[in-house]
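Chain IDs A, B, C and D follow the sequence of writing; residue 1 opens each chain.
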Amino acid sequence: MKFKPLALAATLVTLGAASFATPAMAQEQYIPLLSYRTGAYAPNGIPWANGKQDYLKYVNANGGVNGVKIAYEECETGYATDKGVECYERLKGRGASSFDPQSTGITFALTDKAPIDKIPLITLGYGLAASQDGGVFKWNFPLMGSYWTAADILIQHLGEKEGGLDKLKGKKIALVYHDSPFGKEPIPLLQKRAEMHGFQLNLLPVTAPGVEQKATWLQVRRDRPDYVLLWGWGVMNSTALKEAVATGFPREKMYGV
Amino acid sequence: MGFFLETLFGGLMAGMLYSLVALGFVLIYKASGVFNFAQGAMVLFAALAMARFAEWFPKWFGFESLLLANLLAFVAAMAMMVVLAWAIERFCLSKLVNQEGITLLMATLGIAYFLDGFGQTLFGSDIYSINVGMPKDPAFVMESMFEGGVMISKEDLVAAAVSALLVIVLALFFQKTKTGRALRAVADDHQAAQSIGIPLNRIWVIVWSVAGFAALIAGIIWGSKLGVQFTLSLVALKALPVVILGGLTSVPGAIIGGLIIGVGEKLSEIYIGPMLGGGIEIWFAYVLALGFLLLRPQGLFGEKIIDRV
Amino acid sequence: MLYRENGQFKTSYAADQQIFPILQDRWALGLLLLVAFVVMPLVGSEYFFRAILIPFLILALAALGLNILVGYCGQISLGTGAFMAVGAYAAYNFMVRIDGMPLIVAMLLGGLCATVIGVLFGIPSLRIKGLYLAVATLAAQFFTDWAFLRIGWFTNNSTSGSVSVANLNVFGIPIESPVSKYLFCLVVVCLFALMAKNLTRSAIGRQWMAIRDMDVAAAVIGIRPVYAKLTAFAVSSFIVGVAGVLWAFVYLGAWEPAAFSIDRSFQLLFMVIIGGLGSISGAFLGAAFMVLLPVVLDQLPHWLGIPISTATVSHLVHMIFGALIVFFLIVEPHGLAKLWSVGKQKMRLWPFPH
Amino acid sequence: MNTSTTNAPLAPESNILLNVNGIEVIYNHVVLVLKGVSLQVPEGRIVAILGGNGAGKTTTLRAISNLLKGERGEVTKGMIEYRGERVEALSPSDLVRRGVVQVMEGRHCFAHLTIEENLLAGAYTRSDKGEISANLDKVYTYFPRLKTRRSSQAAYTSGGEQQMCAIGRALMSNPNMVLLDEPSMGLAPQIVEEVFEIVKDLNAKEKVSFLLAEQNTMVALRYADFGYIVENGRIVMEGAAQELASNEDVKEFYLGLSGEGRKSFREVKHYRRRKRWLS
């Protein structure tokens, strides 16, 4: 009896899947887009999702890639891992040629599934830093560098500004980061850099989603670091800027990803 | 020492804001025995309405005055909260009279889901700003005593004053007026209140409107500090330890509880946090509240839980 | 008409006390199990297993555990996600740190760790009641969220705090394909459901219910509140912990603490309430409702071919979801299971209304 | 709708205040509790509804005061008239304004309010300040015990005081008619007498009519003018109080008195109508 609604839904779902599984025709590549236009990270998710779609539209308008048009479909994850997995399972059956999970957490969850389904995971400037080495996760394709690249660029820039990486010696750099796998990714690299160049790295975690930063910025005010690296996402960034103003930390000394 | 004071003030101010949200909880709990999880969603909804109306009205009606826009937006947002209160009573609470606390709690969670979706459908899910002309720059006091002085955000001071005023008014309302007494009676016993002719539906609309008003004030203050976005509804979670610490039924409890939690979590984050790796304020508040509860199960100022068998 | 127990006589106490005293119920259950074990693996699609059946089973198990605490013992908990997380991370550590640790043993050990934490956070229940307790259990939620994020040891010092498991197997049978995962979950869930059903019918179950209905009166007739409450916390968090292991290992495969956030706790509490407090089948009904509803709502515009932005859909889903919850509470505050049993009651008397 | 002739043994000159005619009440759409109850309360009288547990006394009172909704019950048949006006559709608060107020079973004082606040809350429907304070004085003169406890929280007062508080609270709305549910419940016999004396007093001096539901048949019949006996959702017997008190069957079954000493339970009579199958 319990299964009555389930079975009903089952038929519905299979029906739905059957009628909409656009077969990947030769002239079309189907790309599912996981996006998050809702939830705590929507302020970042909305423009990102829009941008990607605009780009795909632009590619299609110019005749597609070598004449192959790109069909795409959006699936809302709300930045939640289980929603993302559901989207993946739902859309992969429709002939997905690649997935762009748009979230570090979802990437983690899909990394084990992708090799089985033989679907490439394309991570644009996020995802597992370790996947830079193609041998580790064979179906993960990070484009545009990873968080490590980003962190390294920041340090290099600071070095330049100071007039050489060696000038960073004795400086204090605070990393205000989102307390999640996403925010923790750059830490190993920064620690290594700190060892190499002899600057002091202060780690200041901000609890997700990042609206509560008073204590963090009070610590920044106490420690008076030379630079603050802001590793935030979504609402955390705007909050950080407001709190920085409220504590009087100079904006030109803040660097965000 | 100067830094300690700064942390202390920072905590007090943060606590004041928690109190504002907690106040909404207490009001509704006092008057309808409903533990209103939708309070956070109400704060978000009110703030979104305020922010967006203030943005839209000048465009629609073609005027430029910021003051006028804010005033109109405030009125419109408050009107929405009253309509909301009415709708909640009409479509939800009136059908759930005499249900157990947990059923009502779940219903408010349902309302919270609805409001989150509804608010964002109407008003969008990006970050919006509320500008009611609160001073943004920090002030420095006691510069003679400590090097660099003690920094206080002027915005926080204004917020604290507004909250304090709101609390005094509400406390008077509950203790001194006929409606206030009826509200407390309803909280104690729906049925008995009904039997002596207190109209439950009207009382509930009143109290949810008042809670909506508190939510709007809280939303404006938080929103003008940090911007209005979906996450605002999560401030409800920050207010929960405040409510249990202060006692579910006590208006002054919400205030004192808010201050204790605010100060406690900031001090713990800064002085204990680094030892544990930071980020402890989120649970510290709860553990603090839990500790208090073991000593006084009804919270600091809550009415004694009276069980007669 | 079909549902009438005329002519079914009980000739022994054992027959009178069986779990399903009515013949038709036994048939229905048998049919249900047949469908679940035999038909589903034959006809189900991969999406159906991975996105619906597996999460449904696991969440039903967690809801079952929670229902013992909330529905049978009357102690409200908002920290279910935390106990799931404890189970998951503990099992992960047993798997990683002890070579050749079998999955089942790790799962049970994970459940035991959750039990310990559950009892620990259950201690305040001896003094705190009702909504105060509900909020106090949030302390467990936030604390474990923080601990698994912050304390590297739990995640085997993974830099990002995200952990994963691979190559699951039970007695040498790999648990990799969707069907095998489904069957594994199904077996576990069935066993635990049977255990829970019998527990609630036993002396300890009656003690829980006595405490739930009136703790002072229960204490007066000699039920020890300490014992009853803590056993409820222990059994509940054990089941929830096992569900956490399944959720992490079988469903997600790789997870971070956010997988067990406060949203999960709320979701489970919803299941229990919508399904029906103090009923085993309620946990399943509630889980089915909560798992299916968002999926169906989410895809409805797609099936109907309505072009509508995913964000709007998501907001609408939130709205409908919230409204439906309120609606169901109004229709039947005691949940789907109660609705079902009222229906049964009517069928037994049909066609006479009273 | 002139069925009142079937059971109108009251003196024709008495003015009927409340007329309940053939009501049926169903709980939760399933459970039929009242199966056609009719009764009348003449102005200025005390009428008692008597019967055992679960007979339907409380449900009858709640049906009149419209408090059934919260219990998921509804009146499905019949009508209720107060001063000739149909009142089934009115809200409890409207009824209180018209002068019908219920004192609920088990007292239901507002535990966290003081006695005085409880009383004042009872005056919610009255807005005239002078009237309220006059009523308060009146309640205090009838219940001097309450005056001594005026500033203590209701939850900390004794059962008798709570019952008095509940009755006093109802009086604060200046009612014509009080529906009194089980005033004797859980009270010592002495206190029961005290409460009933006050009820009688109020009836005599303030001209308040009472409809009381009571299990304590002996006491109730002593103070009431007229009684109805309810069994299993039906009125099975009615009559003036003295008549009922002297009726052999009532004596035997409800008063525990019988001419021929104790009888075995097998011979006890039940006033049930012939049972329909599957009732």
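What we mean here is this: contacts are C-beta pairs under 8 Å (C-beta built on N, C-alpha and C of every residue); 3 or more make two chains touch, one makes a residue touch a chain.
Just so you know, these numbers come straight off a predicted model, no measurement behind them.
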item: Chains touching both subunit B and subunit D, listed by label; value: C
item: Pair joined by more contacting C-beta pairs (A-B or A-C); value: A-C
item: Chain separated most widely from subunit A, comparing mean CA positions; value: D
item: Whole-Å gap separating subunit A and subunit C, where each centre is the average of the chain's CA atoms; value: 32
item: Subunit C and subunit D: spacing of chain centres that average the CA atoms, whole Å; value: 47
item: Between subunit A and subunit D, centroid-to-centroid distance (C-alpha), Å; value: 69
item: In subunit C, residues with contacts to at least two other chains; value: 146, 149-150, 311, 314-315, 318
item: Multi-chain contact sites of subunit D, meaning residues that touch two or more partners; value: none
item: Residues within subunit B bordering two or more other chains; value: 120, 125, 277-279, 282
item: Chains touching one another, given as label pairs in label order; value: A-B, A-C, B-C, B-D, C-D
item: For the subunit C and subunit A complex, residues of the former touching the latter; value: 28, 32, 35-36, 44-48, 50-53, 55-56, 146, 149-150, 159-162, 164, 166, 176, 251-256, 258-259, 263, 281, 284-285, 288-289, 292, 295-296, 298-299, 302-303, 309-311, 313-315, 318, 340
item: Touching residues (chain side subunit A, partner subunit B) in the complex; value: 37-40, 42-43, 46, 179, 203-207, 209-212, 214-216, 218-219, 221-222, 234-235, 238-239, 242-243, 245-248
item: Parts of subunit B lying in touch with subunit C, wherever the complex brings them together; value: 35, 91-92, 95-96, 99-103, 105-107, 109-118, 120-121, 125, 237, 240-241, 243-244, 248, 276-280, 282-283, 286-287, 289-290, 293-294, 297-299, 305, 307, 309
item: Footprint of subunit D on subunit B - complex, ascending; value: 97-98, 178, 181-182, 184-185, 187-199, 249, 303, 306, 308
item: Contact set on subunit D toward subunit C in their complex; value: 26, 28, 30-32, 278-279
